[in-house]
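First the structure, which I've put down as structure tokens, then a few questions once you've had a look.
Letters A, B, C and D name the chains as they come in the text, with residue numbers starting at 1 for each one.
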Amino acid sequence: MPSALWFAGLAVSFSLLSAIIPVFTVNTPRLLRVLTTLLLCLIGIAALISGLITLSENEVATAELPLGLPWLHWHIRLDALSGFFISLIGVVTVAIGLYSYGYVRGFEHGQDSLIALGGFTGLFLTGMLLVVLADDAFMFMISWELMSLSSYFLVAFHHEHAANRRAAFLYLLMAHVGGLSILLSYGVLASLGDGFTFEAMRAAEIPFGWASLSFILAFIGFGMKAGLLPLHAWLPEAHPVAPSHISALMSGVMLKVAVYGLIRVIFDLIGQFHWQWGVTVLTIGSISALLGVLYALMQNDLKRLLAYSSVENLGIIFIGLGLSILFMSENHRLIATVAFVAALYHSLNHALFKSLLFLGAGSILHSANEQDLEKMGGLLRRMPWTGLFFLIGCISISSLPPFNGFVSEWLTFQAALQTWQLNSGVLRSLLPIAAAMLALTGALAAACFVKVYGIAFLGQARSRHIRRARPVPLSMRVGQGILALFCLLLGLLPVPFISLIDNVPRQVLDQTLTQATAHGWLWLTPVSADTASYGAPLIAIALFIALGLGLWLVGRGIRRVRRCDAWDCGFAPPTPNMQYTSTAFAQPIRRVFGLLFKIEEGVERNQQGKLTHHLKISDRAWGLFYAPIARTVEKAASKITRIQSGNIRTYLGWSLTTLVFLLWVIA
Amino acid sequence: MNLQISLLALVQLVLYALLAPLVAGWIHWVKAKLQNRCGARIFQPYRDLYKLFNKEARMAHTASQLFRASPYIVFTATLLAASAVPLLSINLPTAAIADIIAIAGLLALSRFFLALAGMDVGTAFGGMGASREMLVSALAEPAMLVAVFTLAMTAHTTNLASLVGFQLTETFVLRPSFMFALAALVLVAIAETGRIPVDNPSTHLELTMIHEAMILEYSGRHLALMEWAAQLKLLLYGTLLTNVFFPWGIAQDLSLTSLAIGLLSLIAKLLLLGIILAISETVLAKMRLFRTPAFLNLALLLGLLGMLSHVILEIGV
Amino acid sequence: MNELLITVFTPMAATLILATVRQLKWAGWLNLLASTAAFVASLFLAFRVAKTGPLTAMTFRVDDFNVYLIVLTAFVGMTSAIFSRPYMQYVCETGKINKKGMQLYHSMYQAFMFTMLLALSTDNLGVLWVAVEGATLATVLLVSLYRTAEAIEAAWKYFILCGVGIALALFGTVLVYFAAQHTVADGTAGMTWSVLYTGASKLHPSIMILAFVFLLIGYGTKVGLVPMHQWLPDAHSEGPTPMSAVLSGLLLNVALYAIVRFKMLVDGSLTLSSKPHMAGYLMMGFGLLSFLVAGLFLHRQRDIKRMFSYSSIEHMGLMTFAFGLGGPLATFGALLHMLVHSLTKSAIFVTVGHAAHIAGTQSIDHIRGLIRTQPAVGWALLFGVAAIAGFPPFGIFTSEFLLLTATMESQPWFTLPLLMGLAIAFAGLFRNLHPMVYGTAPKEQQPVQANMIPITVHLLLVLWLGLSIPGFLAVWLNRATELIAGASLL
Amino acid sequence: MNLELVPMLQQIMLVLASMVLLISFILMDQVRLVAAIHTFAWQGALIAAITTIVAISEGHMHLYFSALLTFTLKALLIPWMLHRQVRKLELDHEKEALEHPVIASMIAVALVIFSYWLVLPIVQQELIFTRNVVAISLAVVLIGFLIMVVRKQAIAQVLGFMSMENGLFLAAVSATSGMPLIIELGVAFDVLVAMVLFGIFFFQIRESIESLDVDRLNHLSESEKE
């Protein structure tokens, strides 16, 4: 049987191939779609296999490619950590591949070239795979920026609208800055160790000051990509405007690659753990989680909402990482591992259900060409399968048992609850607050997705084209189905899964979670059996028995229900316009947390003399963080351009002054 | 032995299901007495449920299948949650399935579907109820978890059975954190079970209703399940409060006597609790919806204070 | 030796011939032919040098440093000639210039190539000066070729500013010669770089540093260092596009090359003095200033060619900084950056020529939705700018990677302004680029018969260099690094 | 240094050098264009004279030649060309007064002092004499530069440029007793070509803006007015 690395190489070469074929098959769109789907599935499967092999065998495979700098070839390394993330990429890619077969059909008659779509999707995947495989800073940076650049082109795919162009610009700009910051972080490590290979960096002895500098730079860089506050501004702009399966890739997978990068740099390369770092990560994580979900609640654009909720989930992941660092800094390896595994688990979960939700949104776009919640409604009866899968996604992301989201959040809580083990009293009192924020986040997330599902899929259609919505093609449904299935599986069988990824903490923290899985596949006991235990399968079984019972009753048809008009307290039969809107649903929460948003609300008369109500809820980050920077640059630019006055004598004057000045300097 | 335990678990489950309407009935009765009404008999809720189960269930044209599935899910989730809360005895196998966080999760699940069911028909009231319910729960859930964390950090476990066991084993000490936690949990329980002053269970056709607004469209067995689930939830919170903070009398072994003592003490506690609740509901008035956040923030604050006083006062080094 | 002579004097011959050729069709092809011949010869020259090491004869000296610049110059000259033939014909058809103008253009093109190659290959500082001045003279008439008021104004500024600069450079050269007298060598030898380099330590430090200031200002004017850069955007934007390509791709390099040569001498003489790195610090200062200021200028552009000329200033600033920083890593990076920047920038200017042709104007506000009108040009522009902005897998990323890390190693705190500068410049480029390539195209924009060969070749080369630096090139650059920085990298 | 020890020729040279400097000043303040051209011619002649003296004292053969070259180029050819163009452009009676002549001359004086202060660190005994002449030539260069800054009139600017060149020649001749002949030729050729091009540009500018006032060449700028 070929080695894991071989499969990884296969995946990479397939993705390169899929980047090339559109050039040749663009005139036969159908063939193009078939080939792309095929290749994407192959990529996914190959990546998945290689990842699984690595995880199960815990072997570290390395290789060197004759590319890059003459004295620094591309080093490749496939260890448990990369194995985990490569399999994550794999799973989602398969689903995306199947989905895209039906979805891309919508673009065949559009103006935008399919070459760009297919080609850059391939490059995007290549970039992500290579980032995970890279074992030296140079290759890492190249693949990292390749990932950013190609995804930028995908964001700019629908470039007719100025808003999309702006989003793409913002995205690329921030990606570039983040990349440079990562590069510098590597620069610090490299200049302290010898050379840019990760081996050298691991070996390097790094004093605290420099290590912290490197940590900050890396955190800024990767945090920017992961969309942590306040560096998240690009995310809700860029993710929604890309084609939906790309949004799924970006939100589901690319953000996880950022998580991978941070883990790689901090846990693996720097290999030090200081409580200051832990606190930083924890704080930023909690804030992102809370504000992310609050902003998500306020959105009416479905994909934008999903994007903001990605901010929230990444926040949760970073809470886990922060906890892990904290516990490591006081050398409670076991608890640190629990938090670490929780973070990994949530990365995978978020990859699954966020992609699932984006694919759902894509299906709505595909069949009704609508992504504004205010116009949706009653889709469950028009596209039942999508409705079901989307519901599963909503339950998972709201972290409700027995689905996967709950497991990771539960684990995070379990880690946070071990705070009594810490020595430092300050930390002991800080962690519970983080836990409280996490709890609040979870509850708000539930509210958010009740809103989404209730407005979009339940009730009555609020617009004509939604009323005409039809079920999407089989391929798209299968794509969503796979992800939904994984959501369920990971929710039901956390124990086998955790024992599967146990090699990752073994490699990174050199500690395993054997006790978590000690009590058989039914019981998940992260710390110890009598501390806490969770029997997901039993809960699921009970629920399914109950459902089965209900369905059986229905099926027996004795107690059939009679259809009638809605009662609605005896008022006139409700019309679609009488339903609660998305804005209305969020209004109470908006009112409670009003301080955190920039709300412009007002009523005025329009030209026809009708009274119109307008409400604009925007992100505070813009006013507080981005606008000032932009203004400063503009000011500086307009000042500096004065020296290009157009008068030649002034120019000569400049030269003369410079000359005299320099002569004075050197004398 | 093992058989006995699982049997006991089953008994407790059934007991929950059976006791729930009784508690509701008891509270109604006491309230009626307090308000100088003769009021309905204590067993009235059983009659209502029976009647509803036999009535034909009707569904709006606009309702989807989710509308039909929800009652079952809601009821089961609540029952599951209940099954993990020690009722008579602390050695409860089902407690290992779901620790306190999982219980919160299960309750959240039932609430999730309750709210969705409310929105399914597409009436104004349903959406209103769902929106408000989610607001209340969004604030109540963290408060509850924080309060529970305080206990969990003291007992070093989130498993309720072990938690109660810890309470029983350790010598009686005054823990400021527990007082805060208790206060917080009481407030949360009131909010979550939709009692005055947050919501009025006996209201109808009011613009202030929350829980009722969501189940407005239900009828027949669906409605019965929903009502039953609500009563279960009430009982669940009651047991949680009493057995965690005042575990006295709960059975620690499987001898019939101790079980009997457990049952009696439980009934006593519940009666007492019912009276207290009834009194409070009689003297208090329901507050405006937008006063509720303040109410729940207080709960959250208490929970946090409890946690902080725990880490600072009790294990502070 | 012959290779060298062919390389250098083919263009000279071509200059004289083309001055007489009247048929436009022939002129274009002849121009291309001569450039190709020069390129081929330069390749042979490169092989010779690679085999037998530096060759020195009759005031020529070709070592590892300038040989790669010679090849690069000849190559870019050739590809630009490929582009210029059809482009200039189109310009001629539009009636912007007459037959005599075309004649002048072609012969001056070759004259320019001649001066460039001469400046690169000579060993005599005086000849170097003469050649660089000659380059100005050859190009100044081309800048004013279109005879519009702006063109003439641009040419005048170009002429005066560069003339003054070059005069200062001559003064610097005289001072070097002065320092060489009595101490190293008299007569012609006193102007011979290799002689001076060997005896550098004996040169009088205070005279040398004085001389270096003049040289830095003088040749710096040609490099386009702020604040002597003002001629550059004017000349680039008003001259014919192939001219902008070679100016940006070659002239700036050659001027920088001259500065580096002198810096080597100055460093040699300053080693024992109180401030041995003075020259380096001066260059770093100038480089950083130009880098940042040019980056800010990018935000306020209305003319597409002006914009890219500012980006040239920015990159020259980066290279100057790197050479000033010294050390093998930075030097290697700078040499690589010279290479990739010339390739990318000339490719961009060729693309810009097409874009302006499509839209019928150079004003950024009127070029819209290129990838709708003519996808090839639009994407080429996108990729070109992505490359120049330092995105991998394009080569510029590699050199910037090296520069940043080198800075991180020796002067960590300089990385901050560098980072800012890169971000600012990047934003400036893309905010202007986006509306030009994306969006819906206006009706009046019509696709043109574009010549994508030079663009493709250049970008592919840059891509290749970004993915992997071929061994021979690495060795080559490394030898040059050894020569300049005194230490090898590999 | 005390002049007694300096041989006669060098004393003469110092005198001439000082006169070159003086001429730069005159050139800067010269109001009438034609007169300015004459002044410039005189400067060229003086440079040529200095070259001859150096040639005599050093006995370099090629210096005589370069003296001849300088004379023909700087004293005869270029002034003549300028005259022709001035006549062609009907600028015979062109006058251009500086805006702030006093300030300009103050700056010029400052530049002279500055350039002397600049060369002071060169202390090797045998270079003292040349050092001072270098100071003068540096001053001439800088003043030429200053002329280009203060003069609006294109031709006047060119004169400034040319007097910079003169300064360079002075430096070359006095400090290093002339550059190698090949270089001299090259430079001379460049200067000549430059002059021709200048001539062409005068006409081009003239036809594009109806005057030779360089301040009106200001269409190409980044400032917001356009």
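The criterion applied here is as follows: contacts are C-beta pairs under 8 Å (C-beta built on N, C-alpha and C of every residue); 3 or more make two chains touch, one makes a residue touch a chain.
Predicted model, so just to flag it, every value in this text is computed and none were measured.
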### Query
Of all the other chains, whose mean CA position lies farthest from chain A?
D
### Message
With contacts counted as defined, which of the two, A-C or A-D, has more C-beta pairs across the interface?
### Response
A-C
### Summary
Cα centroid separation, chain B vs chain C, in Å, comes to 78
### Query
Quick one: chain A and chain C, Cα centre-to-centre, how many Å?
44
#### Entry: Whole-Å gap separating chain A and chain D, where each centre is the average of the chain's CA atoms
69
### Cα-centroid distance, chain A relative to chain B, in whole angstrom
36
### Query
Which residues of chain B are in contact with two or more other chains?
none
### Query
Where in chain A do residues touch two or more other chains at once?
638, 641, 644, 648, 652, 655, 659, 663, 667
### Task
Give me the residues of chain D that touch two or more other chains.
118, 121, 145, 148, 214, 217-220, 222
#### Entry: In contact (per the touch rule at the top): chain pairs
A-B, A-C, A-D, C-D
### Query
For the complex, which residues does chain C have touching chain A?
156-157, 160-161, 164-165, 168, 209-210, 213-214, 216-217, 221, 227-228, 230-231, 233, 278, 282, 293, 296-297, 299-300, 372, 375, 386, 389-393, 397-398, 401, 404-405, 408-409, 412, 415, 419, 422-424, 426-428, 430-431, 434-435, 438-440, 466-469, 471, 474-475, 478, 489-490
### Query
Where on chain A does chain D make contact in their complex?
638, 641-642, 644-649, 652-653, 655-656, 659-660, 663-664, 667
#### Entry: For the chain B and chain A complex, residues of the former touching the latter
56-66, 68-69, 71-73, 75-77, 80, 96-99, 101-102, 105-106, 108-109, 111-112, 115-116, 118-128, 130-132, 134-135, 137-142, 145-146, 149, 152-153, 156-159, 162, 205, 216-217, 220-221, 289-290, 293, 300, 303-304, 307-308, 311-312, 315-317
### Residues on chain A engaged by chain C in the complex (per definition of touch)
66-71, 111, 113, 138, 141-142, 145-146, 148-149, 156, 159-160, 162, 165, 168-169, 172-173, 176-177, 180-181, 183-184, 186-188, 190-191, 196, 633-634, 636-638, 640-641, 643-644, 648, 651-652, 654-655, 658-659, 662-663, 665-667
### Query
Which of the residues in chain A come into contact with chain B in the complex?
377-378, 380-381, 384, 387, 391, 395, 398-401, 406, 410, 413-414, 416-417, 419-420, 423, 425, 428-429, 432-433, 435-437, 439-440, 442-444, 446-447, 450-451, 453-455, 457-460, 523, 529-535, 538-539, 542-543, 545-547, 549-551, 554, 559, 561-569, 574, 576, 578-580, 584-589, 591-592
